[in-house]
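Below is one structure, written out as structure tokens; comments come after it.
Every chain is named by a letter (A, B, C and D) in the order it is written, and numbering of its residues begins at 1.
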Amino acid sequence: MTQSNTLLPNLYTTMKRIRTFEERVGELFIKGETAGTMLHLSIGEELGPTCLGAAMQKQDTFTTHHRGHGIFIARGGDPKKMMAEIAGKKDGYCKGKGGSMHIADMKLGHLGANAIVGGGIPTVVGAGLSSKYLEEDKVSVAFFGDGAMQQGILYESMNMASLWKLPVVFCCINNQYGMGTKIDNAAGLKDFSKRAASFGLNTLHIDDLDIENAYVKSKEIIDKARKFEPGFIEVECYRFFGHARMDKSPYRSEEEEIKMRKSDPISYASNQMLKNKIMNEDEIKKINEKISIEMDEAMDFAINSPLNNQKEIFTDVYDEREPLPISVEERINKILS
Amino acid sequence: MSDLNKNYYEKITFRDALRLAIHDSMQKDEKIIVMGEDVAAYGGAYGATKDLLKLFGPKRIIDTPISEAAIVGASMGAALTGLRPIAELMYVDFFGMSMDQIANQLAKVRYMFGGQINAPMILRAQGGTGRSAGAQHSQSLETWIMHTPGLYLSIPYTPNDAYHLLRAALKINNPTIFIEHKLLYNTSGVLDKNNPDQIFGKAKIRKKGKDLSIISYSRMVNFAEKAAEELAKQKIDVEVVDLRTLNPLDRETIIESVNKTKRALVLSESCYTAGVPSEITSIIFEHCYTNLLKPVIRYTAEDTPAPVAPNLEENYIPTIEKIVEYSKKLCK
Amino acid sequence: MTQSNTLLPNLYTTMKRIRTFEERVGELFIKGETAGTMLHLSIGEELGPTCLGAAMQKQDTFTTHHRGHGIFIARGGDPKKMMAEIAGKKDGYCKGKGGSMHIADMKLGHLGANAIVGGGIPTVVGAGLSSKYLEEDKVSVAFFGDGAMQQGILYESMNMASLWKLPVVFCCINNQYGMGTKIDNAAGLKDFSKRAASFGLNTLHIDDLDIENAYVKSKEIIDKARKFEPGFIEVECYRFFGHARMDKSPYRSEEEEIKMRKSDPISYASNQMLKNKIMNEDEIKKINEKISIEMDEAMDFAINSPLNNQKEIFTDVYDEREPLPISVEERINKILS
Amino acid sequence: MSDLNKNYYEKITFRDALRLAIHDSMQKDEKIIVMGEDVAAYGGAYGATKDLLKLFGPKRIIDTPISEAAIVGASMGAALTGLRPIAELMYVDFFGMSMDQIANQLAKVRYMFGGQINAPMILRAQGGTGRSAGAQHSQSLETWIMHTPGLYLSIPYTPNDAYHLLRAALKINNPTIFIEHKLLYNTSGVLDKNNPDQIFGKAKIRKKGKDLSIISYSRMVNFAEKAAEELAKQKIDVEVVDLRTLNPLDRETIIESVNKTKRALVLSESCYTAGVPSEITSIIFEHCYTNLLKPVIRYTAEDTPAPVAPNLEENYIPTIEKIVEYSKKLCK
């Protein structure tokens, strides 16, 4: 690294790790090793999670939507355990019971990924309440898509955060689509910051590829939230591929895709590094290779992780001090005996 | 869906039967509109409204924002004021987002206002396990609906029923919840447009038998049929009852069947405790108990959320193997 | 009437009819003739429903919240049938099955009062959709309290109305309280118009007692809605008495109540009429007396209306062409027979 | 609630028992907070949190906006991060507004994440008929909850149980739904703080008897007791079983009781079809059917929304008179 007063190499590395991770998820799918097809990749959307992930502090917490692998990696998620979870295996973060859409590491402050659009948003209000009550200095950030901007629960949550002055940030990763529905066909007005501001939140709208700047601005919002001024951040980006693994995006044109994929935060960052002589091609290549190996290992780990034991169907429903649910088999056998 | 205008299809998928039902109904009745998330450009998450946008245009095939509560509420408002919406909730799991509009508004609007008005609409939703979709996308929540007076509830198994039940529901002035199992869309069968083969609210005996009644609905009827085949080899003659609608519930057919076979297994993908099978089981005991040779068995999903791991998910719900096993025990 | 180019006498009369009706509901309650205690009176809040009611056209539709007697009267509701409904009697609008919180006359375009805060709001989106689709020129107005400003369903509905350009108006009757919770303890920011504007709606904030002006302004919003520009109207007012009949409002001071009750739209309007010589005291008195008689008759009607037949428990659940629900008694007797 | 610090109250209302339970728990555990609509300044719509604001201040007794979904979600978020909230939904009827947060989030958060975390909280809600509150404020929706794995469910009848079940729920790390009947708040009875008289999940025989088991919960236990008194005069000896919690459900006590009396009537204010009584009835038939002398009877509210008119509302739910009548028929 040629220069040290820039975060760019770190931010680049995180973005590249996210992308490579997602690419391997895609491969895992093609190999038939994923649990199901509901895999929502964030390729093209790495900027937001990366800069917010960097702007958050160690103790901070967050929830994510179904397309949440990115922020999890940015916050220190272990690709091995993530990949194993996506494969539905025993060594996954949630023992394979949660899968790609329900992946979390509570120890890292990840309070849960959510398959319900908007479902994880009020959680951060409660986390903010705890943080303030317990004086823990934790900011809690909800990540969600542009689709969730149309879910009522978001407004209930923003209002509460504002009313109670909670250390909470709402972050909308606006990738322009909710499944096949373009944002123009979902939102009456697209100026989401205006909505958030009307509830009393500080707002930030990120719509370019300069991640260092995005990082600095996001950090301001998060720092203010830490002082009990809740905030809202919208990060505009583009979902480079289909909604989930089975979707070939027939509802949008190839021209659009080609054009939009040019707004690639990763190539932008690497170009910036080259241009400003922060790293040379070789150095970048080295980083990429290291990441590639890391993610290959994660994939192998997932493939080799054992299946979970059948009895795990019944564990984890209730606190471990409580009895397990009675299995249907046991019930039936008792009746028939 | 190459030929829309045939009356008889030797082999059509459940998905296409639904699409045809919507299509045919829309052609006949201008008041019918379709609304839901991704029903237009995307063609429906499971493809049940594919190409309808092209045929009927965006005025009648309406993509909505991701706002389940408002989707149901707006559909109801449209139904109260002259339209007949077919609304779609992509997953039954999203009942949670819209349960107030479903159970407190839609189900009660007629009653609360003393019968002044009907809310003639269908709310389609898709449920069940089988795609590793996890705890929030794999539920079978028909019990919530069945326990809510005011809502008709249809939950078909065959393409023919999917077609005819949907069309029938569009002629009834009650709000109807229409639940489709995610693994049924690709299954196929005959569709005979001239043979409804049912009245809304009438169960269907899929296979006659004399030793044991397996009573079920939706995808689990398929499991029942397969188990029955296996059991036939072992000289156990199973009667397979497909309920098709849960409200109205065809109590007579259930009671008749079990009074004949004297043994019953109720099969469902919902959780065990306080689910639809509890109701069916109660009815059977109440009305057949002097005839019963064995207690009725409820075979359902476990009383846990649905796990993602395929090997767990498979055993989270009933298996054909165990249906056979329990049936044999019942017939011993 | 001394002057004819003013709407004031009409508007005054409607407000006075609403108030007198509500007073009689209170009396009915004291007489022990109401069905239950969940009676939410709109005394002090007459301005909004009255001016909007006047600004709407015959074919227009609306839904109301639990405190909705006012707009129903303003739109032509028959006080007799309303009072009978509140008494839970056979001659009520809903045969006594709905009561005060579920009162409606679909023929008058009243699509339902609602006991769920926010519950009736999306109905108008659907009504607007129908109106546009069927080219019926109907505007649909949702009335709700300030409490509903914190319900997510409102934002989902505002967004849909804006997105689809529907002939819909959202009207918030802001009486400063949701039960015992002051609006300041419920809303992060109280500038509700800002919220509505951020979804793309035309907005209007009424916060004085000049009802003619309020009428003119409301009509503008409603007329624009008719041209497919949906709108939002907030009417500030004060709930003169408790939340429901049992509530003595211990959570607010008497001084506040005394002060706020001075902002009485009815005395303001009558003073205006006197001042501008639109009517003299006698004329006003005559109107009041007529109203008093009308509402006494309504109360008597309700008291004398018969109870409903027990079989009515089972009617109206399903369309009349469908079978009635089986009674529990029938079920049990069949099992025991 | 004059004296907070007594250990024994000869006569205390259900409402005050609840307030005491919250009070005593809050004094012991700083992590407990109360949040809900009008729980602070107003003291709770039914007065169950009256004066707590004065005692614990606005940091711990929190008035919320009218945002049921976010109330449940925020409470869960707080529970995940170190607090132990007692959240209040003013009416069970508002489950509809918050069912996603209740059933898809709160109930599943532990399971989906492989047991990483608990959500230790109570969600109190008030239900039932009796105040002409109409179709949207009179429901008994315990079935929705009982059918949702992951949620404990407590539905007490006496002040003593209200106190001890609430306190017990605060020591269990599962989310617990706590349902209070609107007509119970003013009822009164003994409270003995030192005598929990139960374990969470254990039913209570309110009256021993040998001829018939009436199995119920919440306010309907009172109806059962009154009917039992009447029936005693007619020489029918009723056993009254108060379930107290529906999850865990004390199947053993139910089965034991009915195996003894050989007759059962299940009593509930929920609607008939696919409700909690269907589950209880199934269990009884399944486990006692060789002993039963008569079929089990489910006596519930009608399969209709609740009407407002008091004369209709009264007969919409079970009446003591008819409990007596049916019981006599069962014992003939």
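Definition applied: a residue touches a chain if its C-beta (ideal position, glycine included) is under 8 Å from a C-beta of that chain, and two chains touch if they have at least 3 such contacts.
These numbers were taken from a predicted model, which means no experiment stands behind them.
S.K.: For chain A and chain B, which third chains touch each of them?
M.R.: Correct list: C, D.
S.K.: Hey, which chain ends up farthest from chain D, C-alpha centres compared?
M.R.: Centre of mass proxy via C-alpha means gives A as farthest from chain D.
S.K.: Taking each chain's centre as its mean C-alpha position, how far apart are chain C and chain D in Å?
M.R.: A distance of 34 Å separates the two centres.
S.K.: Rounded to a whole Å, what is the gap between the Cα centroids of chain A and chain C?
M.R.: So the centroids are 45 Å from each other.
S.K.: Based only on mean CA positions, could you tell me how far chain B sits from chain C in angstrom?
M.R.: 39
S.K.: Cα centroid separation between chain B and chain D, in whole Å?
M.R.: The mean C-alpha positions of chain B and chain D differ by 31 Å.
S.K.: Would you please write down the residue numbers of chain B that are in contact with two or more other chains?
M.R.: Residue numbers touching two or more other chains: 64-65, 67, 69-70, 93-94, 96-97, 100-101, 104, 111-112, 134-136, 149-150, 286-287, 295, 298, 302-305, 307.
S.K.: Two or more other chains in contact with one residue: find those residues in chain A.
M.R.: 95-98, 102, 114, 116, 119, 150-153, 156, 159-160, 163, 185-187, 317, 325, 335
S.K.: Residues of chain B touching chain C in their complex?
M.R.: Residues 33, 59, 62, 64-65, 67, 69-70, 72-83, 85, 100-101, 104-105, 109-118, 120, 149-150, 152, 172-174, 248, 286-287 of chain B touch chain C in their complex.
S.K.: Help me check something: in the complex, which residues belonging to chain C touch chain A?
M.R.: For chain C paired with chain A, touching residues are 150-156, 158-163, 185-189, 191, 194-195, 197-201.
S.K.: Taking the touch rule as given, give the residues of chain B at its contact with chain A in the complex, in rising order.
M.R.: Going by the criterion above, the answer is residues 37-38, 41-43, 45, 63-67, 69-70, 93-94, 96-97, 131-137, 272, 294-295, 297-305, 307-312, 315-316, 318, 322, 326, 329-330.
S.K.: Show me the residue ranges of chain B that touch chain D in the complex, using the header's touch definition.
M.R.: Residues in contact with chain D: 93-97, 99-104, 107-108, 111-112, 134-136, 143-144, 146-150, 247, 249, 270-271, 273-279, 281-282, 285-287, 289, 292, 295-296, 298, 302-305, 307.
S.K.: Looking at the complex, which residues from chain C come into contact with chain D?
M.R.: 35-38, 88-89, 95-99, 101-102, 114-119, 147-148, 150-152, 178-182, 185-187, 251, 307-308, 310, 312-314, 317, 325-329, 331-332, 335-336
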